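Here chain A shows up in two complexes: once beside chain B, once beside chain C.
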Partner chain A sequence: MSLSEELYREFAAIVGEKNISREEYILAGNRAQTPEIPMAHKSADAILLPGSAEEVAQIVRLCNKHRIEYVGVVAGCIPTAYSTRENSIIMHFKRMNRILEINEEDRYAVIEPGVRHIQLYPEVRKRGLSYTAAAVGPGGSVLVNIACTGGDHHVQYGTSRPTRYLLGVEMVTPEGEILRTGSLQTGSGWFCPESPGPSLRSIVKGYAGNAGKLGIVTKIAVALDRCKGPAEIRTEGISPHHKVFMDSDCSRVYVFNYKDIQDVCRAMLALGEAEVCATVQKYFYLPLTLMMTDSANEFWKKWTGGYKEALSMPLVVHIAAHSLREREYEEKILFDVVRETGGERIPRELEKWWEEHMDYFMIVSRLQSVLRLGGSWLPQKAGAESVQHMCDVCESIGTYIHDFTDTGKIFDAPENYQIIPMEYSHFASNELLIMWDRTDPKAMSYVGELGAVSRATDAKRHFYSSSPGVAGKAGEATGRLYSNVHVWMGRIREAFDPFYQSGL
Partner chain B sequence: MSDLNRFRYTMESCNHCGQCKWILPSRMWGWDFAEVCPIHARYGFDACSGQGLLNMARERMENKLQWSEGMAKLVHGCTACGACDVNCKSVRDMELQETIYALRQDCAESGFLPEAKRRTAENIRKTGNRHGLPPEERLARLPEDLTEDENADTVLFLGCDIYRRPETALAAIRILKAGGVRFRILREERCCGAYLWRAGLREQAAEQMGQNARLFREQGIRTVITACAECFGSFRNYYPRVTETPFETKHITQIAAELIRDGRLRLRGTEKPLTLTYHDPCMLGRLSETYVPWEGEIRSYGLHVPEKHWNRGENGVYDPPREVLKAIPGVTLKEMVRYKEEAWCCGAQAQETDPDLAAFTAGERLREAAFTGAEAIVSCCPYCRDALSPEGEQPVRYLDLTEFLAAHIREEAEA
Partner chain C sequence: MLFPESTRDVQDLVLEARRTGTPLVPLSSGPPHFHGASVNPAAETVCFSRMDHILQIDRKARYARVEAGVTFGALIPKMREKGLRLNLPFLPRANKSALASALEKEAVLIPKYQYDYPDPLLTLEVVFGTGDVFRTGSASGPGTMEENSSDKVLPWGPGSVDYYRLFTAAQGTFGLVTWATLKAEVLPSLSRLFFVQAEEPGPLVRLANHLCRERIPDELIILDRRNFAQAFGDTPEEEKALSGAAPWIMLCRVCGFDRYPEERVDIYSGYVREACAKFDLPCETAPAFLPCTPEKLEETLTDCDRREVCWKCRRGPERELVLLAPPSKTTAIAEAIRARFPEAGILLQPQVQGRAFRVECDLFPGEGEAAAAEAEEALFRMARELMPLGAYYDRPYGRLPELVYTEPVSLDAIRRLKKIFDPDGILNPGKLCF
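Up next is the complex of A and B:
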């Protein structure tokens, strides 16, 4: 059902004629089926480009009044960035794209939803600061990654996960009120995430970020870390063959291959105990090979020509030091740990690729090359617990995944999981990335089977290895493992979004 | 019947990652100058981007979307500059630019070619040039005593710009003569046809290109030199799609860089130190790679059989213009944030269908040029020149590289 002329005019009066459209060709840009999701998306009835929190609040109130679903979108590369029913609108935050403040003294940046990583990251880096960008491309929204989704990144070993970098929040509630949490609500600035009393931020935002989707976050403050490295990253070359040049005295990259995940676990814990290295991670070997190649054909040559074996269980380590002495000290510990745990350095020509791309943001931008294989993909097991627990979870994958990889139901890469230790191995996240042939009509049923086996294994072995679902079947399947979070989320939603108009 | 079906794999592979809209991390600089797509920067909707045009193409292919004037204006307002394509291909095996061309072909075949484009195409059909001017005027402003080598197998292709601004052609002639390059000019040359191809008028483009290619063959031409980026990109990327091309194409900056390296072209300095920034024309840079046809099968997990050659923008002409500028004593060259394969488009291709968008796009480029501290922005494409030298006061002035170089050739007497 399309919007009535009168209602469309009301929306247009809020955002201005140039910032709203219901032309079919404009709507086409936000309803296309994407390869990872087998079903077609619903079409919104209009797309609006609000310019301020006040405009967002007015839109939300109008949606509530007329029972219209609203969905907030920035990059649009996550499955929840689409309308889910007829009688809906999309709010796109392209215009709300200001970096409002970068406070170098208190180390935070205040941003709007439309600010992308490719904009904030170099701005803070110029000031000797950094933050943990989630593993999305350069066009990903910083605010969405930090406030609304649970994505992790590969640099977190020496820092923490993106959601822990969230400070003050301004949001428009599902009822259309502008709410400020943390130190903001007492007029004490942006730098503190909480203030006395219940954590309103956590209640409203929900455990599951975008899956909770209560209202629209319109501004956040992001905590910043000191950055070990140059203020500007020197690069050479033409796409896709760019190279990064780091200060070789202070920056080194090593990649070791292991045979047993428990040995990787011991290495991670030992390095964490010594509090050395900037980045330590057990990386996916399938994306790793893809990132090192320029086309699917080149990938196939290298994957079947030795990369699969050479990179079967890679531990990637980046040392970022303030001085040559510090680097040498960390190297000594690293090599001792690797020797004691049975790691072997991969061939130099493969390691060199990492060295030439070793700004993690650049690595992440290459991560999109996973999609070069033209199939579909799904992160599974995206959980976070202790390093040992995550390694045990990943070890268990081998007990069932071969039924799928050996039979061609999914891509034959049984060890394609990553483990990212955080806060110097005080805890870790994991992720199993499976890929399948999107042209295979049975592929989705195989994926469903794999998901069921995976969840059953987790339940049987008491593994906390998946982000809990907050609604529907996913909530039923995993919510009980997490203190019935699906029940609580349902109640929160009833309380804060009585009309269920914020899209889910 | 448009080519849309050929790009089904591309259309179905897009996951809205956003790489087509934002600068690659290797060139990241800050909040400003981070966008690469003019229509996205201007209008903000996702549909106004490479991703959005793919989505429209898919709905057209599946017969779910009908053309409208607004859609045609957007599809032709897109400058088809190729920035989205290069960025997408930095990580993907997709043919975004080719899909945009196919969408324009579909637009023309559906009867929605914008009126301004239809008029220009008609000019080319009637007169062999974009401007609809009488062909006999083409060489009228060249010197009467111009001496050519009638036996040379190299031609200086003058392009449609000779009608409006013969100074560039005269400068190219001066460079070639000073460097001792044997060349000739063909009286019968016609528009290179790039305009027609980009407008989606495939048959007319093929006819136009075929006439020039036939002329080159008949005249024994083995090398085509041009001072126009549009003609250069057309010969290298569009001609191989429709005709045999037994000739090599070189841009005047490539020739000049070779002459300078060989010591055959000597230069004098600028009157005073001059800081310049160079703007990469799309058709000389990322869109100028030689087209290699591919027909085959895309199997599971992206395997292309037979193996496909990918144009990813890596082999455009980026260094010769810079070499030339740096060779002129007194010139300091500063790069903009978005340069080489990541260059922001000048916007000229939108001038006919969306003048506001064109002005915005050019304005952005001039602002970026001024940000470098340069006194002038230099380029070597007549359409970039039009876009980057609008009326009124601008933050930087525009210089044509060919003319600038010719003005700094040191004559024997000076030496």
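Up next is the complex of A and C:
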């Protein structure tokens, strides 16, 4: 159904004629299938480009009045960033793309939803600061990444998940009110995420984000850390064929390979207890080999020519110390730990690749471009708990995945999971990345089978392998196992979303 | 007073209270009760003193799971036996509940271990005002606590709501928390304590901001001379000697762990000295005014207050104001407090990687209700005056709700949430905005 002329005019009156469109060639671009999100999307009836929280609030109220679904979009990297039904509009936040403040003394940046990592990261980096630039690539929205979706990142060993870096929040509620949380509530600035007393921060984001279901976030403050590693990163080449160098005596990169994930676990815990190293992670070897190569042919040559074995269980470590002496001290502990846990340094020519790509912000930019060489891909599990528990969860993958990897149902890379510790190994996140042949008509059913076996194994062993989804009938069944969380989530949605029961 | 011994008991109490319309207020620490959150004449008190079991201390995953009645005095020695330590508040009294301290977001001493304001609180079990039992984060499931094979340490969720944030600084208005998992850290095997003195708070705040940004110190606290002497002087003579310090003093500790501890302490001591030189501040490990060994003072700093009268009560009844401020506003706030109350004790504690400071102003009005009321009124007036300077009251005790619950949209939102978890309003009514 198309919007009536009258309603279209009402929307246009809010955002201005220049910032609304119902042209087919515009709408088509926002329902396109991609290798990352291969679903068919419904077409929205119009796309609006609001310029402020006040305009967003007016749009929400108008949608509510006419029972129109609205979807907030920035980069379109996730399935929830698309219209799911007719009689809907898209709010695209490309106009709300301002970095409003970078406060170096109090270490936060205030941004709008349209700010991409490629905007913010260089700005804070040149001030000697950094933030939790999650593994979404330079084009991803910082705000969506930190406030609205999940989001683990590759340097969280010495920091934490992005959820810990979300400070003050401004959001438009499903009723069209502008809600401010944390210290913003009392006009005390952006620095603190917690409301006075019980915190409204609770409903902005849990382990995962709400993807706009409890409100559209229009501004956030992001906490900043001192940048670990050298202040300047030397680069060579043009993306994706570029290299980045951390030219500093205080910075070193090492990669060790292991045979047993429990040994990796011991190494992660020992390094965390000693509070050494800036980055520690067990990376997935399939995307790694893809990133190390420039074509499918080159990939296959190297994958079958020894890379698979040499990188089967890589522990990647970045040391970023304040001084040469501290670097040497950390290296001493690192090598002790690796020796005690049975790790072996990978061949120098492979390790060198990491030295030339160790800025994770840049690595992810490369990851996005080369994943497609493998066809389709899907993360499984994607949860977090203690380091030991995550290693146990990943170890169990070996009990069922060979039925799929050995038979060609999915790519033959059974250890293709990553484990990234956070807060010096207090917790870790995990992610099993599977890839398959997109041209195989049965492939999706294999992927479905694997997902079912994975969930059944986790349930049987009572693993906390991922944070439970609580939507729909499946969510109801899951929620019962998790303190009836579906009941409480439903009541919260009902309290804030006037159309929750009607399913709009 | 009601004394539950199990979660089931708490659940029964809540269900009965719902049936009869009886308000309940939780109490988990011994006296004195500084902020009055657990005092509610209109309610029956649910005292958790019998729920005092240490449920688990795990060295590998670095956590402790404790019932609500477990005190710092009981927990700290058990943690040490396992080679662990808590990120403690500054000299909490020995009978203070470790769980209540975390729920109340008391300022911690080691900002580098704190990544978020509720830290070190990880997961918890709560009985809502509906009578339902709920567990947060990875303690939520799958299945029962016994079935769930995880360490139950992940704070976030389950799902897309951070439930545990609803129970922090909530003064028991959203649910009665029966146990909690607290993050623990490795016990250092070697350490060194630095004393940095200054005439004004500003230089020390700037130094603390720098050190925390670089993630160098373990414990770090800035005290005015009065609080410093009162906290660490065991006798009047010691207190007098400690009063010989400069008007403001920063304590900063660096630590080494199991592997090459001497080297780490040496390297990090160098960083502290370099930073002090950069800010032109003197840095000592054994200042002349110390009446005891630095090691003894360090022992006090890293434990709870086990003395017969806790440090805050040594000058009689105490009234305090607690606030948060970003680093850029902290000095002006401290100076404003000093200008208004020359006799006040003041604490400045960097929190959450040093991105904010917890500021505490302690008044000692003497005996008598009239004096106490006068002090409370003076603190409230000052609280109002400090807001334009950047003071933020995230733990609004007493009359502070009058200052912080003024914005209608957020007020409406928090009341909607309260209605979900305590539909009959039986939990600590009259507190906060409920």
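Annotations for the structure displayed:
The definition used in the following text is that the second predicted complex is superposed on the first by the 470 of 504 C-alpha atoms of A that agree within 3 Å, B and C clash if a C-alpha of one lies under 4 Å from a C-alpha of the other, contacts with A are read in each partner's own complex, and residues count from 1 in each chain.
Convention: a contact is a pair of C-beta atoms (placed from the backbone, for glycine too) under 8 Å apart; a residue touches a chain by one contact, two chains touch by 3 or more.
Just so we're clear, the structure is a prediction, and the values are computed from it rather than from any experiment.
On the superposed chain A, the positions of chain B and chain C stay apart, so the two partners fit side by side. Contacts of A:G451 after superposition: neither chain B nor chain C is touched. Once chain A of one complex is fitted onto chain A of the other, the partner contacts of A:E385 are limited to chain C, with no touch recorded for chain B.
Residue contacts after overlaying the shared chain place A:G342 against neither chain B nor chain C.
When both complexes are overlaid on chain A, the residue A:G16 reaches neither chain B nor chain C.
In the superposition on chain A, contact of A:S323 is made with chain C only, not with chain B. Shared-chain residue A:S483: touches chain C; no touch with chain B.
When both complexes are overlaid on chain A, the residue A:S160 reaches chain C alone and has no touch with chain B. Of the two partner chains placed around the shared chain by superposition, chain C is the only one that A:L269 touches, whereas chain B remains out of contact.
Across the superposed structures, the minimum distance from chain B to chain C, using CA atoms, reads 22 Å.
Comparing the two complexes, no residue of chain A contacts chain B in one case and chain C in the other. Looking at the complex, you find that chain A touches chain B at residues 19, 21, 23-36, 47, 49, 73, 75-77, 81, 92, 94-95, 99, 115-116, 118-123, 126, 136-140, 235, 237-242, 244, 294-297, 299-300, 359, 361-362, 365-369, 371-375, 411, 435, 437-440. In the complex of the two chains, the chain B residues touching chain A come out as 9, 12-19, 21-31, 34, 44-49, 51-52, 54-56, 58-59, 65-66, 68, 70-71, 74, 86-87, 89-93, 298, 300-304, 307-308, 310, 312-314, 316, 318, 340-342. By the touch rule above, chain A contacts chain C in their complex via residues 103, 105-108, 159-161, 163-164, 173, 177-181, 183, 185-189, 191-211, 213-214, 223, 225-226, 269, 273-275, 322-323, 325-326, 329, 332-333, 336, 384-389, 392, 423, 426-427, 458-459, 461-464, 467-470, 481-485, 488-489, 491-492, 495-496. Interface residues of chain C facing chain A in the complex, by the touch rule stated above, are 60-62, 105, 115-118, 132-138, 140-143, 147-154, 156-171, 173-174, 183, 186, 209, 213-215, 257-260, 263-264, 267, 270-271, 324, 326-328, 352-356, 387, 390-396, 400-401, 403-407, 409-410, 413-414, 416-420, 432-433.
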